[in-house]
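The structure follows.
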């Protein structure tokens, strides 16, 4: 009882945080018909800087990390990515009238990771002084690529009855060449091999929260805009979009908790893992799936992820933080 | 003096840029122009200058001036029946008159 | 195989975008494209990429491909005599040939 | 005599401030035919960030303000907006050969507020350590919308001989949906309801001066560019553009002074009110008037405001500061 | 009612903008539009939206609608044989139909 | 021997600096086919801010400098610009089968100055605590314009057999009106005549390294992209592109060293002079030459400068620093 009250108090306080406020503000703006928008060139730059920052920070941390420390979490990330897609495929497969391609693509996006949700999680943890191994955000590509690949392979197997000659290598290469993962991995490499600490401290770090606030505004507007499209598609996806992030986040939290017990993985790290698992891809996943699973209807999987999955994942960040506070506070 | 030629216009998402450009190159074309934009269609709205989350879904217009109508038709055929078959976008042809014929 | 169609081009300020799009939608059109730009005219210079203080005064080009010439003419008539009557911009028509006729 | 000397000394020192220097530099660049320009996407972003910053700052201050403190200043702002338009309409109405629409539209822009001039005033006050109630910039929309509405109603009444069915509500809604006021009010709401203080301190505050310097450069270039157009129109508008900001600023200063006596409104607040009154709209007013008063010639009202009104208003900021120093220093 | 007119399209680098605009002005034209873009040609790739080091090498498309075909041909002749003779870019003509004839 | 070892140690440590790391990262990204790019609007803004910063900093320093201090270094800069072009024209002229226009244009670009290389030099010196007269970067236009003019005059004289009526004034005016030199000189004027110190300290200074890191990324990508074009042209230009920056830097270092002995010019100033001499123009030189020497093949001179000259010049910055440490350390 006490624990529940504690949990609720922490959760409600979290909801007032600026990151989430900008998201909600974006939705309200769009709903009120505001003509405010962010230029595309600026948006592209903001995303690049955020991902470089995440990468450099992780890379610097990796300098001092033991390969052994990372191996298990990386496997866990891959496992979560694959597992979430299978879970989605099975759950949605139980329902009648859903087209296979649509459900696999949707599960694929929800298994993958949203960079903006990850960044929001990092800022919120920092604001609360909840620390984590700074290399944990570098687990992003492991979970992300694993999930997208699983979805693509499932779709391809269904189409070719298992006889397809799908080039996994080509898909992985294409994913890594995309702007988002390129920026992230470039950052990791720079952090690991060069000494970018001064420019990191004078530029990437200080701009992080501000750029994230702009991005949250935009995610809010986009979530609202996609809602209209989503309304025209099967309602079961709406339920999935609302519930899945919570289930996946809990799964991530549980896996992270196991890592904590096994290897001393930090509580903050557990939260970041939960946030990644809860998040669904909005930026880099959709084009990959559009090419690889052309039979799926993008209005369904993008709408479900962007207008429901991402807001729910973002709003659930305080949940994992509160949970961590309660679970690891002894 | 002017020479008759044909202009092929292709509206497609940035996603398809590599495949469209490969097709044009394979057809032996020397050049084409690209203009970023936006629009509305059966797949909803594509913003022109305001941010849209996925840059690969931005609209590009290719304008290709070439001399041979048959080549233009073959390109349009491949585009509409293959590359863009399940993708947003459209293709049209217009007659034009050109100078500097050696460039084409 | 190609089909004859018509392309209506509208050059107007961003200010008029909502009214132009409403007109096109009411005419039952399925789609159109928009390209940002600039230019010079009787109302002075509109910059293309450099900042201009008022974004609503930026130049947009609408390209609308449609099948029915009468519709295109009616749209152009409404635009020039009503929506754009006292505003910068212009309108022109060109014949084109299209594929994927079901899209239009 | 002493007071006059004091005043002159303060005024001259102010003219060396960076904000005004960037404005003058922009004019010089344009006059010399430089090809330097600022990309439109960057300009749009800069304006959005400046307005968000002004709004958030005001919103944070409003948290602790009494509604009573704000009511009178808000009414004063509305009164100034309406009054300045009537004043302009009467003054310009006395002159022969001016078209009614042109004069009302011009008076409307001069009654409205320029965000860049307001921002410049804020920076210059801060540099001088002259403090003000941080919510004062939130009076902007009151004065701005009041002035534009007054101009539009006057124009419409003349056209329809008082029988027009003008939707004031629609015009207000449209104004608020514009990018500029949307950003400002969004900021106010965030400052008031959320806790954006960390991102405000780490991003919006530090970028404020720098972004303003770029905007000033641009305003200078634009002022020079519009001068050519203006030369072709009635010369009486040139006189109005040069004199009106000083008259309006003095009016605002007087109204502010009365508030000071009645409610203890701060000297800095008086200056900000004078700056808003002196300023004329360059960004959000013009499109509103283009739509609402199509009979007016934009070259006249935009040219008068942007190439004369705004530079004069900016250069007069030190005047109100010097005046405040002299008037409130006992 | 529509009137026949001609559209001159010029693709050139930003470097040439002053000279192209001077030419159009000298020909007594009232207006033209400019659209930024990119492309590929015998001089390599010009990027459309991604940074390219030298902004003066960016591609611009001029669209000039005018009434008199002879003027259009003379302009194209000067462009191809003089201003753009050693520079990237191309020029083409298309017939169009216009409204608001007094604007041209 | 000891000195050589010292030198090597310093040189190798320098190669790990973030500025160079971002350059190399850009090359690697391009080589791997990444789709990451920087929007053009952002790039234009970054270059403008970097040049304004360099200019303002120099202008502020010029306030307290004696005209006499600057005269000799300015003449040295002009001399280096002219000298490097003549040197290139003679060296390349000795080789068979090179077209005159190509070789003169190439020598012109290598005599001119690269703003990004200069900025990189400034950051690297600062990171090492190697100080210099802050007005030294203002020598940029002297060397730059001198070199371009020399190349243009040589080309024109060859074309018209010395009878040409070339307007040097027009070329200088056009150069100064270009975006790059406009921004730099605007900054110098602001630093000298206004008091931009607060906005310099709060905006231009803190963003300098960060914006430079993005620019370095881009220079790396561009260098790689141009390499393909370059491969099709005469191989002797490849040799020139690799060797010339080192020769020119050494020349600059020697001239700077003489200034040091004669006037007490600082070791840091000597390095900056060497960096400018070693650098070759990528942004503002090419369009000037395209117009002024239309007979030259841009693929040759731009390719040589951007894909070889600039990377070599950037990578040689640690060389001049190490040299200075050894030469001036007694």
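Order of writing sets the chain letters: A, B, C, D, E and F. Residues in each chain are counted from 1.
What we mean here is this: a contact is a pair of C-beta atoms (placed from the backbone, for glycine too) under 8 Å apart; a residue touches a chain by one contact, two chains touch by 3 or more.
Note that the structure is predicted; figures quoted are calculated from it, not measured.
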{"item": "Minimal step count in the chain contact network, chain B to chain E", "value": "1"}
{"item": "Furthest chain, CA centroid comparison against chain B", "value": "D"}
{"item": "Where chain C and chain D are represented by their mean Cα positions, the distance between them in whole Å", "value": "35"}
{"item": "Inter-centroid spacing, chain F versus chain A (mean Cα positions, whole Å)", "value": "43"}
{"item": "Cα-centroid distance, chain C relative to chain E, in whole angstrom", "value": "19"}
{"item": "Cα-centroid distance, chain B relative to chain F, in whole angstrom", "value": "40"}
{"item": "Chain F, residues touching no fewer than two other chains", "value": "37-42, 44, 179, 206-207"}
{"item": "Chain C residues counted as touching two or more neighbouring chains", "value": "35-36, 49, 94"}
{"item": "Contacting chain pairs - touch in the sense defined above", "value": "A-B, A-D, A-F, B-C, B-E, C-D, C-E, D-F, E-F"}
{"item": "For the chain E and chain F complex, residues of the former touching the latter", "value": "15, 43-44, 47, 49-58, 86-87"}
{"item": "Complex interface listing, chain C residues touching chain E", "value": "9, 11, 35-42, 48-49, 59, 61, 73, 76-77, 79-80, 90-94"}
{"item": "Chain E contact footprint on chain B (complex, rising order)", "value": "2, 5, 7, 21, 30-36, 60, 65, 94-100, 103"}
{"item": "Touch list for chain A against partner chain B, complex", "value": "37-40, 42-44, 179, 218-219, 222, 229, 282-283, 286-287, 290-291, 294-295, 298-299, 302, 306"}
{"item": "Touching residues on chain A, where the partner in the complex is chain D", "value": "16-18, 21-22, 25, 29, 32-42, 127, 206-207, 209-213"}
